[in-house]
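Letters A, B, C and D mark the chains in the order given here, with residues in each chain numbered from 1 onward.
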Amino acid sequence: MFASWHNSRGKQGNNQKSIYGIDKMEEACGVFGVYAPGQDLFRVTNFALYALQHRGQESAGIALSDGQNIHLKKGQGLVAEVFPRLQGGPKGVDANGALGHVYYSARGKARPENAQPLLVRYRQGNLAVAYNGNVINAGELREKLEKEGSIFQTMTDSELLAHLIARSGHSKLESALQSVLPALHGAYSFLFLAEDRLIGLRDPYAMRPLSLGRWRGHYVLASETCAFDTIGAEIIRDVRPGEMVVISKEGLQSIQVLPSSRTALCVFEFIYFARPDSDIHGKNVHLVRKRLGRLLAREHPVQADLVTGVPDSSLAAATGFAEELGLPYEMGLIKNRYIGRTFIQPDQEIRDIGVQLKLNPIQQVVQGKKVVVVDDSIVRGTTSKKLVNMFVQAGAKEVHLRIGSPPIICPCCYGIDTPERSELIGAQRQVEEIRQKIGATSLQYLSRLGMLKAVGLPPDSLCMACFSGEYPL
Amino acid sequence: MFASWHNSRGKQGNNQKSIYGIDKMEEACGVFGVYAPGQDLFRVTNFALYALQHRGQESAGIALSDGQNIHLKKGQGLVAEVFPRLQGGPKGVDANGALGHVYYSARGKARPENAQPLLVRYRQGNLAVAYNGNVINAGELREKLEKEGSIFQTMTDSELLAHLIARSGHSKLESALQSVLPALHGAYSFLFLAEDRLIGLRDPYAMRPLSLGRWRGHYVLASETCAFDTIGAEIIRDVRPGEMVVISKEGLQSIQVLPSSRTALCVFEFIYFARPDSDIHGKNVHLVRKRLGRLLAREHPVQADLVTGVPDSSLAAATGFAEELGLPYEMGLIKNRYIGRTFIQPDQEIRDIGVQLKLNPIQQVVQGKKVVVVDDSIVRGTTSKKLVNMFVQAGAKEVHLRIGSPPIICPCCYGIDTPERSELIGAQRQVEEIRQKIGATSLQYLSRLGMLKAVGLPPDSLCMACFSGEYPL
Amino acid sequence: MFASWHNSRGKQGNNQKSIYGIDKMEEACGVFGVYAPGQDLFRVTNFALYALQHRGQESAGIALSDGQNIHLKKGQGLVAEVFPRLQGGPKGVDANGALGHVYYSARGKARPENAQPLLVRYRQGNLAVAYNGNVINAGELREKLEKEGSIFQTMTDSELLAHLIARSGHSKLESALQSVLPALHGAYSFLFLAEDRLIGLRDPYAMRPLSLGRWRGHYVLASETCAFDTIGAEIIRDVRPGEMVVISKEGLQSIQVLPSSRTALCVFEFIYFARPDSDIHGKNVHLVRKRLGRLLAREHPVQADLVTGVPDSSLAAATGFAEELGLPYEMGLIKNRYIGRTFIQPDQEIRDIGVQLKLNPIQQVVQGKKVVVVDDSIVRGTTSKKLVNMFVQAGAKEVHLRIGSPPIICPCCYGIDTPERSELIGAQRQVEEIRQKIGATSLQYLSRLGMLKAVGLPPDSLCMACFSGEYPL
Amino acid sequence: MFASWHNSRGKQGNNQKSIYGIDKMEEACGVFGVYAPGQDLFRVTNFALYALQHRGQESAGIALSDGQNIHLKKGQGLVAEVFPRLQGGPKGVDANGALGHVYYSARGKARPENAQPLLVRYRQGNLAVAYNGNVINAGELREKLEKEGSIFQTMTDSELLAHLIARSGHSKLESALQSVLPALHGAYSFLFLAEDRLIGLRDPYAMRPLSLGRWRGHYVLASETCAFDTIGAEIIRDVRPGEMVVISKEGLQSIQVLPSSRTALCVFEFIYFARPDSDIHGKNVHLVRKRLGRLLAREHPVQADLVTGVPDSSLAAATGFAEELGLPYEMGLIKNRYIGRTFIQPDQEIRDIGVQLKLNPIQQVVQGKKVVVVDDSIVRGTTSKKLVNMFVQAGAKEVHLRIGSPPIICPCCYGIDTPERSELIGAQRQVEEIRQKIGATSLQYLSRLGMLKAVGLPPDSLCMACFSGEYPL
């Protein structure tokens, strides 16, 4: 439903995301682009968005360029709700390029206008823009633009970029981008669809993922390679830090639009955000997660009867943990697949029952057992406490909580939805205090070094600011 | 439903409006504004929009200012669909001012983004804008702004105004408007809602209606006075040509923001657009319509058994016609009230059956009779032909078509949805030719002079460009 | 929306119908049937239901027989909501017969299951049933059936009839009906669609309308002849009291299935229920209404400046009244066409503002005038009071209320939704008392004799029980 | 959406279930009942239905008894769609008992009317009925009832039972059931809610699950014990074969309403239908599945690099298989959680891409590896073929398919949605032929003996007719 009350600071009312008390870092958005004249671009974009749906469930949109016009459809809800038919783009449109987006709304940005792609008309014609990430000096840049007489209708960085491009004075989109990008600070992957080209670019630290693939002889871009698998494309490579790729009938042109000294890919893509079947910078997410578990076991072994993981993101780490110690791996916790985004009047009782509606330990598996529970991270600690309690209620003799990443001590300033520092239990308390609060028999986190090792990318190629406070920028 | 395919030239597909072959000029939009701290402004705006719903059924929206923020809800559909509850604005919002809008989409503007009010953030804060009308040099102004680096996300003049205001450099909204309005040419009534004030203004010819009223000791503005009746407000007066009224806690301030040499109110407000219970420039619409009928009868009397009108807009004229000639007035044509806006795949058979689904002559009334059928206007002539045929089928012996306005010979360039000149039957053919084509026994139009006389406003105070080709600007 | 809470006594919560305080008798349902192999029966039935929509807006349904199966679609809402496409019946179905229904829910019957047609499977195959009316001994018959082991899933008489037919032991539907109909008392028009035939029948007093028509060489049945006009059918005649018409590939067979001593057609069809363009028993509804006004004027003339009617049902009577006295007829009261069925949480303020949202007197027409307001009937008197007050507020000097029917003194026991006797103002008070309560300058009702005369059917051919207490059965 | 075309044989059009080519046996329905005066029974039933949602996603319904009336709400869609608010039963209803149902429509039964609970009125008052299973002689019984004059409005066995109860002549529901149940053959668990009691019963072979629990001092019944965990109830025991439990203010009464010679619980509950965290007859489903994998490994070991399972139902078996052979267990196959039930116009390309949209092997995990893929069953073999091919495409060197159950050789006649025998690949071909068709390196099924051993219930306590052709009845 399009219509809901919102204001310039975002939507009214309670934040729906937390009603089940599922306490996670949250990712922002997935993008997909394709330039392939003569193909059914609505369908392939639709399919790709299905594969990227885990990155954002608030809204979905597809823009199609036919060489002269850009056609757009977007709306609130899942891909399947906005595009109820797998086929069926705009009638009579023979598209050469397409841009798709799934939107996750960070706090305060849940305005219907924020749905993407954003379609604007400017001096050079039509332009559809979509992105994943956060321009951290967007406030400043918006203020500057406002002072120069710009108006803003959304809170998206897509609108910011569109303004900057339009004001750059350049008639060529590539030149415009080259001139305006240096002013941007932040973590972002942008896609632009003009009448005759598709452009993708990544910030100079490559903090947000963006991969390049080949599909039926043409080029595609996606936040994650799982989208390539789904549509039958092959991975070529990741877009490089500061690289702009321009895809048109002339083929692919790569421009190093911004100088890059290092890569600082958000490590949380590996820990939690990305789909296990995606590869990022050559590393498969599932295998990284398994290694996280293995290294966690090496760092913090425990005598126990079985190892179990919190579905779905921690199952791989749990198997790694179990293998490493030679302990049985068990699916001790079942997740209800039908808990949706529908509830609109949460009250305290529902908040309390939330985790219970969503997760259920198997009593016959855990009863009387010393159980290792592997989770990927702890943010506020609220879910962990309920989780440990559920295992205790189910009869577990001991509950050893093992976390496949270090304590989160700093909020993310690059667009990942983290609470204030004061709410981050890892920033406020020592591990032993946390253990007590949570009620676990023991609690251990993976070290930063262990995490780095598990990912397997060169040192200094990841952003781990939320664990270290060392922000790359 | 928010999501539909559209492009920079508007929505895809067939124009739904014409599927019943009802051949009318079409109006664009209704606005309502109120500044009344401490009152339930959501409810009163909601009620007022019900009263203005006839001016636009494509989308509806309400903006509420609480002194610091502006809260907005808008969506596709009728007021009752966008705001299904009569009470129930945003929670916890104590509004001091409100702006409401119902949208009629002229051809090619059916993009969901065009729903209004438009809410923007600019240098001076938040601003909600809504209007009725058409800035005729909008294309030029947009082009100029684009050249200066502006981007456009909608096709509305609200966005155009917001850009101009933001770029004016003035920190006061009133001053900004004073500086930018001279550049605008066209027929428009604009409303602006800022955090602490409501501004209404009318073009220097006062082509589009806008009335000022008093409600519970505060000021209200509305496209038509029927909205005042519905909410229990009193009419103060019409906003004057070129006048800007600024309503805030300081009360009402009137500024002659643009010089005005004459009034040129769109005469079609009287003929067709406005609700009969509205007064415009002191003239009641129903009474004007009745006089149109009377004068039409005087100009083109006819020997007949009865007079009937095409519901609803021509009933008043029909009674006037009948009274003048002492003929019986009969409701010879019944309108189906349940034909809605729902059908999405019109085909030829439905187009043909359209008028028949919507209108039905009463056989027992018209059979064997010489019937005068009064209609308010003829645009393309397609409906008239079907109408005359329906009366013939129902057994009418003679069908004398009398039109309560002159032949339409020019398209409107001020925002009224008229077809091309080549489709205007009045521009292409003589009255006798039209009569033959339509199949009526006789056909007569009211003269321009008669129309003027019926309206009763001073000569030269109306825009009659569609009848005369003499555009006021 | 299908899902709403209901129980064996009907739906939960407030009755939506009265939220605007519009105080009327309410009709129950419209039916349409056609047997015409080879035609597009979905479309024609859909069109016919549009024409009958005024008889019921709660649900709509269409059943199609293809000779072997009966296909059904029904749902809550308007015809246009349940069947959003004008074409588009079930795929691959080549229907020979069709049955359509629009449902009005009398109090206590608003269960989604009550939507019709009802489709049952019984010994002889499939059967779709729909009706308009009320079997007054349904309670007894249901109880008897329950005692014999029947179960009931709806509160409709369609289900009752289906049970009786199934239990009759007859293998032929006609015979079954002949055997069970004598047990029924009440006012009803039933339609049955079997695999190979369409049957229509009317109670022995013909209390509910049912007309027979010819369409493209085939037969059609409808509650009102306006449906025939809409689809292009011709009226043959009304179905006779106690007559059963069986339509199949053998053509039409008429069976006098129940003896009939007299006709007792519900006079409210003429006063309020039927569309003005329908003919019932040869009398056009509009012309009857006009005569009601004429005779009312003769019985209760008044010196006044103008006559106005309450739209839409009383406009014809108002013109008759005005003509008879040579007074000007004016459209002094405007009806908002967009007040729908959407509001779900009415409160007192809305109830109070209800009439005001829906109706608005034209001040310039009535100010300083002696006004005659013609209304068709008074039920509780609540609307009349608000109406008179609105005219007073608008400046009318005198408000003479004239009612085009006698005082309602008894509730209907034949299925028309009337309040208890204690709520009927006509049953509780003298005319002068009512006048005082309502606040009118004068108040007069048409006499029963005058009403009879206006209808023009033979004496003793109408049911006027609500005016006289003399129930035909 | 309630309204869709259907006929007496079910809904029109393509069967949505198979569009992704996911080739599974399909279960029918979940039930929940509670008798607990003074508790919030709407909420607890709503929560329980969430836990049972995997058993049916076509419609959901809740009936509440307040001692005098039964209130019902049901509709098409998921629990969250039919009951969008977690709180919010019918206003003012203080329920003593509740009945909830989620519906899976077997082929040909997708009529909106089939949504349950069914609410009927009969001689003894109101009765809500819901069930899981299939009365195999329903056709005969319906025919007999039709011959005796009954009508049927649905295709449910709930309606059949309601008829039988109503016709039994018994005034006590328990007695009625006792008298009619012997005539029923089939696999069923029924729940009945009368004004003052809740009754649950299971067929004499206990083929369909039904468990009894305690909640806040009261009794609850549910298809699976995972519902008890979700609402915080404790398992008491399973309802026994042929047992009827009557729950009222007198407490719980157990009646052996039908003699039972053996139990024949459908073994597919363990293999595929039930949630892993449910216990059936004391056996935890997850642990049974793990043992199925262990025994499969013992019977058909294989030299391989890793073991992977098809999510979600085969993951447990895969871990068991891996553990038994000491092979690494890997999540080699990722399931898209957002593939829903929305698509309405499947075409061949979507069918082909279906499995690919839903499942994706992780290339980096399987590339160059000898992979064991464990699946729970093979029905037609279509999915298996695509699955094997996906692994081959992803670079697996060998793909050893291991099935955690024997070949399916016979269709189920007890209500499980199985294709015709001719479509059952296990019925048509030898294992080696199947292997060739599927393209696997090797293919092995678990033996019936192994399956029995894994379940761990006494021999002859399971129905394995689909594997053996030996039907218990």
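To be clear about the criterion, a contact is a pair of C-beta atoms (placed from the backbone, for glycine too) under 8 Å apart; a residue touches a chain by one contact, two chains touch by 3 or more.
Here the structure is a predicted model, which is why all the values come from computation and not from measurement.
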item	value
Neighbouring chains common to subunit A and subunit D, by label	none
Residue-number overlap at the subunit A/subunit B interface, same or different (half cut)	same
Identity of the chain that, by mean CA position, is farthest from subunit A	C
Superposition of subunit B upon subunit C: rotation angle, C-alpha, nearest 5 degrees	180
Chain centre separation in whole Å, for subunit C relative to subunit B (CA means)	35
Gap in Å, rounded to a whole number, between the CA centres of subunit B and subunit A	47
Distance between the centres, which are taken as Cα means, of subunit D and subunit B, whole angstrom	58
Where subunit A touches two or more other chains, by residue	none
Overall pattern in which the protein chains touch one another (line/ring/star/complete/other)	ring
All touching chain pairs, where touch follows the definition stated at the start	A-B, A-D, B-C, C-D
Residues of subunit B defined as touching subunit C within the complex	47, 50-51, 53-54, 57, 78-81, 84-88, 226, 229-230, 232, 275-277, 279, 284, 286-287, 290, 312, 315-316, 319, 323, 328-331, 334, 336-340, 342-347, 350, 353, 356-357, 360-365
Touching residues on subunit B, where the partner in the complex is subunit A	1-9, 12-13, 69-76, 82-83, 89-91, 93, 112, 118-123, 126, 146-147, 149-153, 159, 162-163, 166-169
